[in-house]
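I have a structure here, written as structure tokens, and I will follow up with some questions on it.
Chain lettering (A, B, C and D) follows the sequence in which the chains are written, and residue indices restart at 1 in each chain.
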């Protein structure tokens, strides 16, 4: 049976944590009861046949955490310094679009949770609440996620508004010039509700698409005509005094090129498996990128995190902090701002327990040798040839 | 419930694309509704216990595609040059026999779709429509698939007719001297319908099989007596001015020998898992063959392709183009020529999306380093001995 | 529902091949209908929790067979020469005890099938028909499987009887000094029927077991007190002019020691997974043993074979011939001598088809490079440490 | 249906071995019938989502045991010398807390079984029977498991009492400063019954927890404030004349540090998967630790053992003996002292059978080369890059 959406008027706003929530991942279990089924298919699904969604999860399962003994951890904490700035902890909120889909107050509730929990919130270009309102509700650690707009003025205006609203960084997403649609969402008939709109862009007129010539491709000469290139990113770097991050990096050569170009940091991400079905797991891509950019270049990671142990693994393999996407929306649907705050608190405590048991007093203490891969016995050299 | 065959008079010819088709692979899902169950078992099954059919699919799943950022792809296209000749795209139609099994007009419909979509169609010796009629319906890019006939004159006549009908290449299939029957098709009681005959061969009298002597083998001294050898292929190369391809190659040494002998190119194929149950996946065999024959020798691949991402992976691992077999028949059963054309279009667009997201403007840009294998953590050197 | 045993008087003797049998492995599918359920559990189960039974099957699945093209195979055959003697083919019948369990005539029927199919039958010490009667029914290629008896005279008598009955070799089984019982058979309540007895040993009085002292082990000081040692094997080699094989070898060092001692050959076997639960698959053990004993030392293999492709793989990895155990009993239960003969015929033809498609005219042509392991993409060097 | 607990007055005490018990692992199958369902969830579950519980089991499955032939094993036995002291066999009883949960007499019954079977019992700080009573019931081989107490006097008193009661070693557990709760136990509503208390600690007043300051962590500045450090262990070593073992070691560097510090030996353990969900399997951690500490440093192992074959594998990979946890409690629930004794006897006989079939007369004969990993065919060098 499908329950009615939490966003529907007939259902009271959530205002308590359900007793079934024992760990952060439990918000994933409860979410289907708190939103329309097609919305859940849209959120839980990625793109295509969810190959990359599955890869994201299995990548974490392939690592174990080494417990360590007898270390004095009484000075332990989770504070991190990223690109020269301190943060209370490395659990950030990923830019997730259209949050009114699961809660009538949408991103406002998320922002309140972020403030309470000292979590850096990355607000989406496609938020269903205006970026200025989100900024007013969020804590001091807030960043703005930017999609390049069809016209340069559109992009510039968004950057200007983000600066004016006090966002501390621009996170430009580059892996979604095309997004393969989710078969799961399509089959369940998902459509974005009318009241769920990209209010930041309300005044934008979509660029009239030029007609394709004979033999031209809807992809290459159509969609990709307005896709950003290296030149666009160079231009963007001249348009703002804010640090600029690039989100959606999986290949080490792209990471190196971005580092050379002067971006502040990179978010290793496959868009939660929502862009290219068949892309590798973010976690699998992380070690090569960390090796490529060196020890000190800032790296974040998202895609697939469901627990503090997952966060520990991402930090061990080279991330300076992580972004939480789906759990954010699940917790919002289950218990609004309270839920999001609780979810962050659970993740943090799960992370701290892992750190304590692994003998890591601080985030920089979490190094690759804190992990061990699944042991695969090798054969003793008797291959047939 | 088994639906009646699309080929039966009671059922109207398909003339629209069902709304359930969201991607090329969906034709596989719908096909069981559009043909007799035994026919579906015959087509979907391979040979033996379908070991190789399964290997073909899993081979694609073992590779991920690296997304790349910010490249200018506005000049992108899928045109390819193969053996000195240009083709609109690398999605060819594999030679599939007896297409009247799933559509009353059989290969004629497929040929029309090929023409509309600028797809090179490879017409089978065992087509249920005469090769001359197929040629008249197909586009300019059409090749003829040849089985060696028991008598040389039979083979020569087929080649001559293919030349006269304007086919641009001969693709001689060499991996099916014996085909292990499909347990699945046998158990479901499949029999080829009476009106589904190899019309190209109608005038051929089967060579009287010589009686076996005592202790002789039905396989070695029976079936294999008429199987082609290297000498037969040498002879064939002298009989036609057309380029000659060899289909069914999996071992790199066979590929090198064929290259030395002067064939135009090779189709890496296990006959869709329909010849030797237990043969390796075509995709698994491809890299060694590409390494063996060098960068410029033409290679095609079939067996297991269901999506544009699969095509991308085959191109990355060394194929110049791919052949589509089962999806061709599934689409034909679902919506005739329209379905086949739509299926090709979907594959092409899926391929273009992968190219765009992977930063590849052209097919030659799709190189091995566009892929990454599934990451398997290795143990840290503590094996027991 | 349990059907009554084929051995029960109420059921007519099988005298035809059921039409469901399409390949040799199909006898495994039909067997449960043709014997008591506990008997089937006893035969199908191995020992303990059937870990090794499963390993035997999965070992074959990890190899693919390379098809090869255009070779002239018209002189092909399956004749083999093993230890200087010629055999019609490499498909031998493994020593399987107590065959009256599934057919009232037991080993007699099997022997008739072996004769018809020119298959070398290895008759068990624990046969339910006297070895002399089996010898009279079997063809000229018959070997005798020997268990060391508690007293030397018992062993010597068996060898003498085997020599007198015209058996051509002694196959001494050494891996079953203790057999872990099958949980599956125990749970289904299997008990050997009263009329199923080791008639070869009828006159043997079991050696009175010496009482154990305090702190002594039922295993080490009990069962193992009568277990054969290297000295016993040395003695055996002096007692017969027949070639002596050793069955149950998995470790290459044991194979080398046996070779040095002068045994004629070795059967790589884990007793069909019926001795030590947790032993490696025979096929996995084979390459190291072949490498250890050199190219010319005779090696047989059993455990896990269900098809001609499995036989091909065992021959490719170093066996000179294989022994068929469970399929033998299954075919016997389904259709008596006719079934066993048909099963051998199917295996042979399946093997010949594999040879033909893999371009191997003779058994010695089947070399390790005819196989390719499942391709496992490796990570590109970015392990975390 | 849930049966009432064995500990409830309505149910007679178990006094016979159920006929379903065919091997030691069968106690795991029967246990759910002999205790409350939540208790079973508490015992069978580990912590978190039972990732490590599953890893412990699969680690054993990845090894096969090599059978060896013809060795004289009549002098075989399972006696071991560990840290200079002889034991009848290497099957010890792990410290398991609160055994009255499954049997009204709790640890007393277990101790009686240990005495009868000459098994070294490790009694838990958190036993539900006083350590002095357990000592009186157990055999001469008894060790005491110690948790550091909040105050030094508490720890010292426990050590003094253990010495006075004749325990032969102190096993200090260091991997459970925090234990991630079991989702499975929480969801089934498990609560420790009122009469199940840590009687050894009855007089201990829990240290008042200091209030946390602003920004302080409940984990680092809370729980970890009283966690033992290297200094505490150094102090402990000065407080007793008994050998001191450390339990809960998984990382080779910790093992080396403990060895340098002078502990008698180390228990390689992940607390049966009950401490850090995501920790590696104990068996996977064992080879690196054995390699690090050298051949003669005493190592025990627990976590995941269910059979004599598992024990054989642990001994082969470097353990000198093993500890049995869950099976101990399962057998206690099924048949009290009789059950525990029978379970040990089954394990021992299973171990002896493995030793006999693997040709190992004594425990030191069980070396790494007695095992072989699962064979994974490697690809032949044709990776794409």
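Some observations on this one:
By our rule, contacts are C-beta pairs under 8 Å (C-beta built on N, C-alpha and C of every residue); 3 or more make two chains touch, one makes a residue touch a chain.
Heads up on the chains, UniProt names are A, B, C, D = Alpha-hydroxy acid oxidase.
Since this is a predicted model, take the numbers as computed values, not measurements.
Under half of the residue numbers at the subunit C-subunit D interface are used by both copies of the sequence.
Subunit A maps onto subunit B through a rotation of 90°, based on Cα atoms and reported in steps of 5.
Greatest centre-to-centre distance from subunit A is found for C, with centres as Cα means. Centroids built from CA atoms put subunit C at 41 Å from subunit B.
The geometric centre of subunit B is 58 Å away from that of subunit D, both derived from CA atoms. Annotation for subunit B: residues 63, 284, 372-380, 383, 385 touch two or more other chains. Interface residues of subunit D facing subunit C in the complex, by the touch rule stated above, are 22-23, 25, 61, 63-78, 307, 309, 349-350, 352-358, 361, 372, 374-380, 383, 385. Listing the residues of subunit A that touch subunit B in their complex gives 48-49, 51-52, 55, 59, 62-63, 174-175, 177-178, 180-181, 183, 186-187, 217-221, 223-225, 227-230, 232-233, 246, 248-251, 254, 258, 270, 275-281, 284-285, 372-378, 380.
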